[in-house]
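Quick heads-up: structures coming right below.
Same chain, two partners: chain A is paired with chain B first, then with chain C.
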Partner chain A sequence: MKTNNTIHSTQLFFIIFQTQVGVGVLSLPTSLYSGAGADGWITLILTGAIIQGVIYILYLLSNRFPSSTLYEFAPKIVGKYIAFVLSLLYIAFAISTAVIVLELFETTVKTWVLFRTPMLAILLLLTLTGTYLAVGKLKVMGRFYQIVSILIVPLVIMAAYTLKDADLRYILPIGENGFGTILKATQKGIVSMLGFEVILFVYPYVQDKGKAALKSASLANLAVTSLYAFLTFTTYVFFSPKQLEMIPEPIVYMLKGVSFIIVDRVDLLFLSIWIISVMTSYASYLYIGGIGIQYLTKRKKTTGPIIIVAIVSLILSTFTHDRYTIETLSSYHANASYFFALGIPILLWIISVITKKKEGAA
Partner chain B sequence: MRRGTRKPYRNKPYQIPTSAESYQSFFTVEENKQYLSDAFYQTDDLKFREVVLKDVKCIICYLDPLTSEDKLQKTIIKPLLERNELNIEKIVTSKEIRISTNLHEAVSGLTKGFAVFLVDGTQHLYILEAFAGESRAVTEPVNEQVVRGSHEGFVENIMQNLQMLRRRIENPNLVVKFFKAGKATDTKIAIAYIQNLVNPDLVAEVERRINAIEADSIQTPGYVEEFIEDEPFSPFPQMLSTERPDRLTAHITEGRIGVFMEGSPSTLIMPVTFFAFYQSPEDYNSRWYIGTVLRLIRITSFIFALALPSVYIATVSFHSEILPAELILNIKSSLENVPFPPLIEALIMQITLELLREAAIRLPNPIAQTIGIVGGLVIGTAIVEANLVSNMMIIIVALTAISSFAVPSYEMSMSIRLLGFPLMLLSATFGFIGLVFGLSMILIHLCGLETFGTPYFSPLAPFRFSELKDSIIRVPRWLLGKRPIDVHAQEQRQEWFSRRWKRNEDE
Partner chain C sequence: MNLKIAHYILVICCTLTLTSCWDQELLKNSKIVYGAGFDYESNNMIRTTFVVRNLGVPVSQGGVYSNRVVSVVGPSSRETRLQMDRLISKQLSASKNQLLLLGEEVAKQNIDHMLDILFRDPKSPLDARIAVVEGRALDIFNLDHIGDTLIVEFTTDLIKGAENKTEATKMTVEKAFRYSLDEGQDYALPYISYNEEASSPEFNGLALFHETTYTGTTLPPSDAKLLLLMNNESSNKTSIVEFLDNDPNNEFLTNTVTINVRNDSVEKDYSIKNNLLEKVTINLELRGNIEEYPQNNLKEKSQLTDIADDLSKRLTVRANEILNKLQEANCDFLGIGRDLNAYHHKAWNAKRWEKEYKEIKLEAKVKVDIDETGIIK
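This part shows the complex of A and B:
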């Protein structure tokens, strides 16, 4: 006697939101700054707009096959063999994302909180918790993501509290770098906003498909864009341009400087909440990888495959972890993610429209 | 009854003989008497009393401890001897009379407090009710006391408990179903629910699970709970156990099922959510503001009992810089002379506290108070003066203990205190990071836990805003128009504009 493994469109909102908000948020202001200068926050808003378009296409694609995930409908569009390769690639992509999340998490925790704790212990913490979350199936993830999203509120309040020391002159004049630069920098923004592609894998489990689901996905994107733009904006008005060039994780630096009544190091609280966002993104990718393996190996349960994905990503993440390698890996991963989150889904959609392939009308 | 194609277990000799096959009775009393005596292996409390009615030899046979002397005399022996007739059915005034020719039935009747009347020359066995139904007086349950409200509590007699329930719900829709469980004890279990309100699937599921019980004995409702609960490895209790008839009534009228057991004053309620453990019938007796504040305090107590020692350990051993200088100086100065790391300090204190609690719980009241004084005052002061534990830790542990006792349900309070230990370990190893992961684990578990098809952490996960008004807070009763949705009762509405009189008042 169990409840159905379905999610409500509200939970879809939180799943997309929490998958998008993740490791990237800490380094986002710096990477945007290197691309678009003090106009980085405008870049983010533009990025949000572009992603909105992508989400619409993802929705159109998913809605053509409302009861199947990408792994299930890909064979119907491009045939068995190409779909098999595609599925393998997606599983590899999910695993590599999980690896990157693990590595970035580990380095950040090591830099800011636990300086001497062995790497494996920190990685294990995230792996165990993330796996436990992912094997609970989508309904548990939906419930958990929804309930922990309330923690975003104190996060925003913490950041807003620093605005008392803001200096608006740092971001003036608005648009000084020209529209071209701002637009070009969007590619740096897209990487940290990744996660919306989760819609391709959870759509069949949504109870109220169609317009309500699209609305949830769009709102999630809007929420993520606003949150990121706000956080970026606060760091840009807090630090001078010279400082921003040097600081790798400006949000944490910024919060380190402020103190509430009985809390002297707000950054520790911020990082504690941030961990949960990392965990949720990590669990989502474990889930994406897990159901891929489950589909390819024709298993009944997702538990085994998810554990396999977790173990593989844990092993891979123990190999390299100096800052340079991680950065190189991240940039490779960023380039690959364009294909997986944008290119392939759009291509699949175009093919399915041209060949008029739809669920039921095979 | 049993799932699958598994062969039924054959009863062992010591278990209750299955009455599936019948054993024809004899024509003579002596043979019947011999059989019954053998069936009970010549036990000494099986009594036989001979009566001669119209020159026919008859024997009344009964298990002495189970039968009421009063009933036996007034309803059986006295009428028979006075009328001196063999027309037993007409004469005997017992509540229940069964006539059988099956000696097995007589045996099982005897074990339930029936008297068996044997008449010479006939195969008929008269099985007559003479049950001694004494139970202790109704008192207020010690662990669920309230200031205002009913002071009635269940007792060990299942019939009297059902009577208390029936008195509170005078409705023909209130259905009671009996089950027998325990191959060596044959314990009576009853489920009670309101027909046409309760979710029929739920009833079927509960029946299926109770029927699946195959065990020698069912001693306490805890056995039933462990046999039928969804997640036996979860630290959280998944059925609400209560000794209060008013609490049970409230849950049954919300569409839940109550389980009674012979010999135990606690009843089980299912399906319940996490927040049911934080509600008390008293909430509805006080002003709703007060009820709300009380509930919020209890929710705070949950967080304190769970995480306060861990937060303290993480702060002083990893992140003391998070506190402002004045505060940290205070804490550090109290820690200065203590040789142990905070985790060991906390463990010493927590274990001492658990020991005190466990020791005091079984002692008579005056001695328990002494223990409280010795434990609380003497050990508390001495342990600080001996520099074994810091002052701060005493405060933290005391606050934690008080918080855990604020939970209205005993099992829940124990579960939370136990969960505190792994959290302390985690925060002593990883600081806040470990604490966050530990709390997340618990939260994930709560999100995934389901009992009888109901999400355990509802209405927080899945989040239902409209149901927060009777779980986290308590709004006035007339605003609670609907039952909780997770019970899947057949009718959602439970209140219909009771304050409509207000509208006509102005005219």
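This part shows the complex of A and C:
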């Protein structure tokens, strides 16, 4: 144990959960629909199962080096130089994820809520709060994530309320497009479920490692999968097929038509809660990038590196802001993330198993 | 100490950015639109009418609510909206609009073109009621008020009343968006006309739509009720009045019976051959109480059964007439296409359905059961 900055396995659950739930949830139903049609929600469940497998491998990898993060154990597996490049790549990946999150956040807030507010003010909203949170060490992050997770409950209630106008016939017949299409569309699902790779960077700080940690990670994945599948399902039974092709953020759109006696715009309530989920995943990536820089520059504190990551991502995110460019950018980012969340960790694990490298044994 | 100051600065910065100074919309600076209407002028021009509420002296201080009806002509809804801004002092805000009326002529065009402005704008009211008007929407709004009630509230309440009595479905802008793009399901909007005798607008049944356009066919309220019952929508305020097969010379003033529907259940039977839909049978079962029957006292159970049987026959005939009307108008109100897609997927073909719907056999069978006779026999 390097510091006394440790987290409980419950907090591990919330860290993974909140990192996974983020900016992608709004566009998820539409992107799944374009891949698998009305069976998109089944795709999501399948995606959850695939990710469960990946999480198990990430766990095996982390458990071989229970007191080091990816930045620290990579040199032991692949040697100093390759590890250096890998670390740089991971920092770049964390920064680009932060940039994508900022951009998607900005465009969504701009189109739905704050039409006239300057771009920088919206970006600063996320950057300042996110940086403040990430600087506050893992323990603070874990606790904060735990508290704000209660907000998922009203989110689910709001979505469930729209089921009164649901038409089940929109998702029938189940499996219309065949299993192949459903399987193929999982790649669209994986992108919005990303965030589980955070386990590689927080594992050394978990108090009760081993089975308890794996359990937390798996439960987090289960929670995210069911939340996403539920939200996707509600939009699929609410909108007629052609609408789903033209509405980029169906969940918010669906709630726009709902009004209670006092609250007229439920979509704004939803977005306010969503912003918190975006902020938490943004903070997680700042943290991942930050500790990478900290390790490479051999600093003692993470504060400086995290602020650097925040500033770099803020500057990069001010460049482009039209919906279609961001869509292209995020599809590049999605392709890259397969390597960072799936490819590289699995490769590292295989190498470490073959060369029998383990903490203490090396 | 330094850390503390840094904290304070951070807090101040946060609060500065958190207050959304740029996007405030104060009520006192805006004029609120309560009702909107579209009409077709010649040469692809449309007329937009807004009913704007004057908020002068508050009612608590002896003021009266009043409307201002503004109407302009332009090539698109957004363009007329911009023109409107030049005619109205203060910022115009349509986000609280509760009623949208479409003139008959404009409804026969593609209504999505007019509603695009509502679908696209994040501040638009998707839960506003939408209805079709006989003649022009402008003429209804120009009535300004009926008795003490302002025209928008009056018309909205008419529609809501019809919804309560199962004479109209609840159609909001959002629902219109949903069904107008749905190839397997059509819809109907409430039809409002002007009643000369009462000099007020009147709910006059349903205007049948096919995809995005009004078919020109309307169903009177009594038929609308039966159609909605066939679509499994009911409330316990549904009353059906029907003539009975009485001797025309029996010197009764009234020859009708009225039943109040307590329960209804619908089953659709699909007969499919070689992956082609041949016939749909709609079995409607109604369970109700007698609300009015002046011709005779109902001492025997057999009398009730007789009335029920007679009603079943007559309602079956009427239901079949309604189905014929639907097919002629090519309005798949009952969502048979959607059912086909969902439950008999092999028989479904979206392109073919457009023509197929008119040619399939639609048959209704209504069965009435009567339980109670009110507080007299």
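Here, the second predicted complex is superposed on the first by the 359 of 362 C-alpha atoms of A that agree within 3 Å, B and C clash if a C-alpha of one lies under 4 Å from a C-alpha of the other, contacts with A are read in each partner's own complex, and residues count from 1 in each chain.
Note that in this section a residue touches a chain if its C-beta (ideal position, glycine included) is under 8 Å from a C-beta of that chain, and two chains touch if they have at least 3 such contacts.
Computed from a predicted model, the values in this text were never measured in an experiment.
Colleague: Just to be sure I read the superposition right, which of the two partners does A:L133 touch: chain B = first, chain C = second, or both, or neither?
Modeller: first
Colleague: If you stack the two complexes on chain A, which partner ends up touching A:L125: first (chain B), second (chain C), both, or neither?
Modeller: After superposing on A, A:L125 lies in contact with both chain B and chain C.
Colleague: Who does A:I147 touch here: chain B (first), chain C (second), both, or neither?
Modeller: Only chain B is touched by A:I147; chain C is not.
Colleague: Just to be sure I read the superposition right, which of the two partners does A:S277 touch: chain B = first, chain C = second, or both, or neither?
Modeller: Neither partner.
Colleague: Figure out whether A:S192 sits in contact with chain B (first) or chain C (second), or with both, or with neither.
Modeller: Neither partner.
Colleague: Kindly classify A:S259 by the partners it touches after superposition: chain B alone (first), chain C alone (second), both, or neither?
Modeller: both
Colleague: Figure out whether A:T234 sits in contact with chain B (first) or chain C (second), or with both, or with neither.
Modeller: Neither partner.
Colleague: Tell me the contact category for A:S218 with respect to chain B and chain C: first, second, both or neither.
Modeller: neither
Colleague: Is A:L114 touching the first partner chain B, the second partner chain C, both, or neither of them?
Modeller: The answer is both, since A:L114 touches chain B and chain C.
Colleague: Determine where on chain A the residues touched by chain B overlap those touched by chain C, and list them.
Modeller: 113-114, 117, 121, 125, 128-129, 132, 259, 264
Colleague: If you look only at chain B, which of its residues touch chain A in the complex?
Modeller: By the definition above, chain B touches chain A via 201-202, 205, 230, 318-319, 321-325, 327, 429-437, 440-441, 443-445, 447-448, 450, 452-455, 457, 460-463.
Colleague: Which residues of chain C touch chain A in the complex?
Modeller: 10, 13-14, 17-18, 20, 22-23, 96, 122, 126-127, 172-175, 177-179, 181-183, 185, 335, 338-339, 341-343, 345
Colleague: Quick one: in the complex, what on chain A touches chain C?
Modeller: 111-118, 121, 124-125, 128-129, 132, 165, 167-170, 172-173, 176, 238-243, 256-259, 264, 267
Colleague: Enumerate the contact residues on chain A facing chain B in the complex.
Modeller: Result: residues 1-3, 8, 10-11, 109, 113-114, 117, 121-122, 125-126, 128-129, 132-133, 136, 139-140, 142-144, 146-148, 259, 262-265, 268-269, 271-272, 275-276, 279 of chain A touch chain B.
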